[in-house]
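What follows is a single structure, and I will ask about it in a moment.
Order of writing sets the labels: A, B, C and D. Residues in every chain begin at 1.
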């Protein structure tokens, strides 16, 4: 019977398929040495991260010497994990805290800074250069130090700079006052005619709103709306203005001649939104709190080391009790950028009742316990969902920007920030006008599409250069990355231009030094990685370096296997 | 025979019968969550040396104890509703049950909406097919029935989003409510079900907004589920239409209309109620995917967030609450079934 | 007296996937008022089809030819609406298996009220009263009228079915194997009830059965069907005494005779109804078959007054 | 056909027929080609066989390495060079789809076959022996069956880690109860049939009885369940990947690719979401058709044998 033959044929095919399938599964070749690259999976850097990670994986694997496993986790865990040294090799980004080239050097190459970046890099010479560089205000002197620092960084490779992103914001075209400020994205100068509030969407999620702990873009940016610092920035650039302080200290007027004493005069009658007083002792107590808590992953080192306040800062409050408006900082050595640091969120005063033994919880028994003195207060906080900023009607300085054509701040009475789980949800929300503004982070494809349809959708798409840099971090204490040859091999292997074109469609710029070119004042940037490793990947060099370091890699293999549970 | 009394007795007996099922399910979950991975915390941390001190977490959760000690503790925790506090960064320190109860209404709302869509579409198409056997409508509906249930629910969600939210602007693309609480203040939190709360508040506008947001997720999940109803209703209807009692009714000269409704449809729909319980399992699984597609802040999203932040107590709590809901629903379905089907109570 | 029911050349062909099933071929049958006619035959001989054909409840797509005259009206020409009114009201049918013939979701009362009010415009109270009456007349206590079908035994359900059938006082009752699924004691009860009813309302009864014992006990005349064809028709006494068709002879000898205690069975199995044998359909099993039986279909011939048979050799058995 | 044999003959025929149950189904398939059920089944078989072929011959069929990144701008629309376009990394989507068939079928095969291998014998024993063991097993299996499959699989996958084999195991857990139920129910009803009693009376041992009669009969209904659960397994695997619990990037996997591509959908990049979705749908619809068709063919068969 013919049908029998057909049946038989089908049965044979099916059995063969099953057998071959099983063989394919079971007989896959075991990988050679393997390393793990970590990336954030929950949209802190937008949803381009998996693509970047895969691209880097492919580039490293092109050497044929190692396989790269990809691992991801949510931002809060990621943040905590790398600070604790749990991530050996990972993707990270950096947004400046203050307006100085030092902010691209100290946080990375100083021993304390490298710790909070999860690199655990330490080099006494680098530390010394940094100290010298911060002490000086002479561009030539600083330039020389920055050059040495960058050159050394390309040799030691604790980080591999990859690219700088473009900042972007998409918003209703009738919203005014939107500016991609390099440090603080200021909601309090925005206006939407006929509206008293706007809703903003983001894919980012905060870690904490305690200035003593927060050290990521979203958290510090909210802190900057809710807390004022002694000094604040102009609306559109990095020039400092008096904030809580009545004026910006200058040499002779607040700064001692040796550059080691800074005196600030607080405005009189300041209070926090809950009515508790804000005076010189409050400021002193807040700064001491940050340093004594020294929370893991926080920006504490900016105060302790960069600002040279030391472990036990000497801070005088000469007219307390009494008006209690004068505060004097005694630095261990001269610091040229102390004013800048006093404008960063870590230096924001907090009420006396803030937890002195640990980070202040944002919500206690359902009540928001984030209390500041800024133009807005955080009145409602639904974890991972919605954050509502409400106008602080008693704001002490509504005329802060009157000289810039903004008579009073804040303008809008409410800013409602909604969190979206991914960039496509965020894009949908702005596209369908569910929200008035999408700020951080839309993916490049969507951005291009939105640019194209902005006019018909009544949206504006602002794209600006961003001071944010993106880079790879090695935990230099962990095998195999404790071997500098492995780090150098990877520096040879990475292909920046393919990341920029393939992932970011040109919405990014290749970066060859942790100091990005052309941002602040004198340009100290030097493309040291281009000089050392070339502008396109050199697979041959990478391969030979990997081979040279192979012993280390096989050791690490052993370690990884011991850590990973192997099922079946 | 007194009906009320027996229904009550039946309800009680069903509740008692549900206990072993719940116990078995909890035991299975105990195995999956604690015994199979050996050490769930380390398994979650999978190779990373964690932020959290694994040993301390294990001690805190009692996971370092042998299973025969863990098991009774686990059960007592479940039955006292004490699932511990969150270890994840987002809900750090908050009681697990409290967080879950905040998210539960969203999932219940979505599930109800989806079940409604599934029942309406499924029963409708099933009736069309069943009463026109082997004619073109039947063939179309049968193809629909065998295609729709294998369409990935997340893919369908994306397509509906693309067409109805982005393209036609008929419905909002995601979330449970307008993100702007100033123009669109959400209904006051009474039950957590936005639609019900709107009604309780007497605000039709809020109800409309809630329903608009509910529409696409419910449609997505409901359509995928409807295939099963289509096929069951069709098969049952074919059975009842050709049944002896329908023939007998016809022989008695009963009006065709009554025969179709009282005899064929009602009898065809009863088994549908019976299988409804099992459909909820598929429904909740689909709801996890749908919640993700539509940024719907329910239990599914909570579970995924907890997995992301490796929040073991929250993962465990969420999964157990799912199990309890499933068992509770099966009891409710049985009681409903007892109410509408006179044969069941014996 | 004019016959109440006249079935003339009735053919019923069911449509199936494999072809037409010729369930009835050119059947002739009549019944006068108050008469009991038995219809006997093997399973698949078309006897149940006959009942359904008269009531017009054959499945959609079934091909029906011939005439069914009821009180002079051709039922096959009736509109759906007219036909529906006729069912239950003038012709009622009792089915073989009472267990599955009631809607499990409706109480007994619901069944009655529905049927009464679908045919007569009476008040609900009146309908309920009549329902109770009908039920009580079947020997079931009226308190049970609110019960559901599953709460009754098979015998009680058959009585309920009979009550439902007679509640509108039809003039023709078709009973399709009414006792087959019941035990012997219940069977005799049910038969007694049917007899009483027939007398009380002077109904005609068409009793479809395979049980010749019942036929002998109850019927005035009997029609024997084989493979959809009427093979013999006549008064009960004539047929039992002098069966003219070999098939009838076979049937009769397959009853256990108390005297001989011998059981004859008919050799072979019922024919394929899609492609029935040529000529006389019984020829493959007929011990007397000749070549003519294969070639030609025997006509129905009146061999005695009122005693018809369709056999080429009918006269040989006279 | 059409001739009723004496009871013994009928039973013999059943025994003979049951010993080639799969063949019986295929014979019926050939017979019923023109009915809706037959058409559905053949379409299903066609789809399944083509995907198996694609999976086996992915290497020669695919124009490129599925992980090769083309340094042209990514997200290229379909063209002659890239039949289905490229994804957000500039990888050839067509090649990834072909290799994705391999991933899907591997997972499905592991999951469904393991589930069959576990659920079938347990169901057989449970249904045949009955008693307390049966009641306990039914309670356990029904409980698991009532729990959302994807969630259970997600838990298992979460604790086992990513990878084809682990996802396969996770899926196994869901379908063991399915096969258990089918096998047990069939066993229960077949057990009551006379020919098993007859065989027992002839002195066959318990296990002989089980294997020679029940097992084969139960096997008739397995292809139906197999097709339907395979379709469901592919969906579940895709769901796991979509949730980030399935496979590790850059494994070519439809669910994962779809999950990564969906974010570009509203910006006009339709192909990278469309094709993975379509691949999943074609395969699952094929399997669903096969299951539906077989169901229509097998159910009357079972009923007939039962009658």
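To be clear about the criterion, contacts are C-beta pairs under 8 Å (C-beta built on N, C-alpha and C of every residue); 3 or more make two chains touch, one makes a residue touch a chain.
These numbers were taken from a predicted model, which means no experiment stands behind them.
Asker: Which neighbours do chain A and chain D have in common?
Answerer: Under the touch definition, chain A and chain D have B as mutual neighbours.
Asker: What chain lies closest to the overall centre, CA atoms only?
Answerer: Checking distances from each chain centre to the full centroid gives B.
Asker: Express in whole angstrom the distance between the two chain centres, defined as the mean CA positions of chain C and chain D.
Answerer: 50
Asker: Cα centroid separation between chain B and chain D, in whole Å?
Answerer: 24
Asker: Using the average of all C-alpha atoms in each chain as its centre, how far is it in Å between chain A and chain B?
Answerer: Result: the chain centres lie 40 Å from each other.
Asker: Just give me the whole-number Å value for how far the CA centre of chain A lies from that of chain C.
Answerer: 91
Asker: Give the residues of chain B touching no fewer than two other chains, as numbers and ranges.
Answerer: 43, 46, 166, 292
Asker: Residues of chain D touching 2+ other chains?
Answerer: Counting only residues that touch two or more other chains, chain D contributes 160-161, 244, 262, 265-266.
Asker: Among the residues of chain A, which are close enough to touch at least two other chains?
Answerer: Chain A, residues with two or more chain partners: 41, 428, 431, 564-565.
Asker: Over in the complex, which chain A residues touch chain D? Could you list them?
Answerer: Checking each residue of chain A against chain D gives 3, 6-7, 10-11, 13-14, 16-18, 20-22, 24-25, 41, 47, 50-51, 53-55, 57-58, 69-70, 72, 422-424, 427-428, 431, 443, 445-446, 448-450, 498, 501-503, 505, 564-565, 567-568.
Asker: Taking the touch rule as given, give the residues of chain A at its contact with chain B in the complex, in rising order.
Answerer: 36, 41-42, 71, 73-74, 76-77, 80-81, 84, 86-87, 196-197, 199, 201, 205, 207, 361, 383-386, 388, 414, 416, 418, 420-421, 425, 428-429, 431-432, 434-436, 560, 563-565
Asker: Hey, which residues of chain B end up touching chain A in the complex?
Answerer: Chain B residues touching chain A: 38, 42-43, 46-51, 88-91, 93, 161, 165-166, 169, 172-175, 178-182, 292, 295, 297, 301, 305, 308-310.
Asker: Quick check on the complex: what are the chain C residues that touch chain B?
Answerer: Interface residues on the chain C side: 52, 55, 57, 59, 80, 84-89, 92-93, 95, 97, 100-106, 114-115, 118-119, 147-148, 150-151, 161, 164-165.
Asker: For the complex, which residues does chain D have touching chain B?
Answerer: Within the complex, chain D contacts chain B at residues 36, 40, 139-140, 142-152, 154-156, 158-161, 173, 231-232, 235, 238-239, 242-245, 255, 258-259, 262, 265-266, 273, 277, 280-281, 284-285, 287-289, 291-292.
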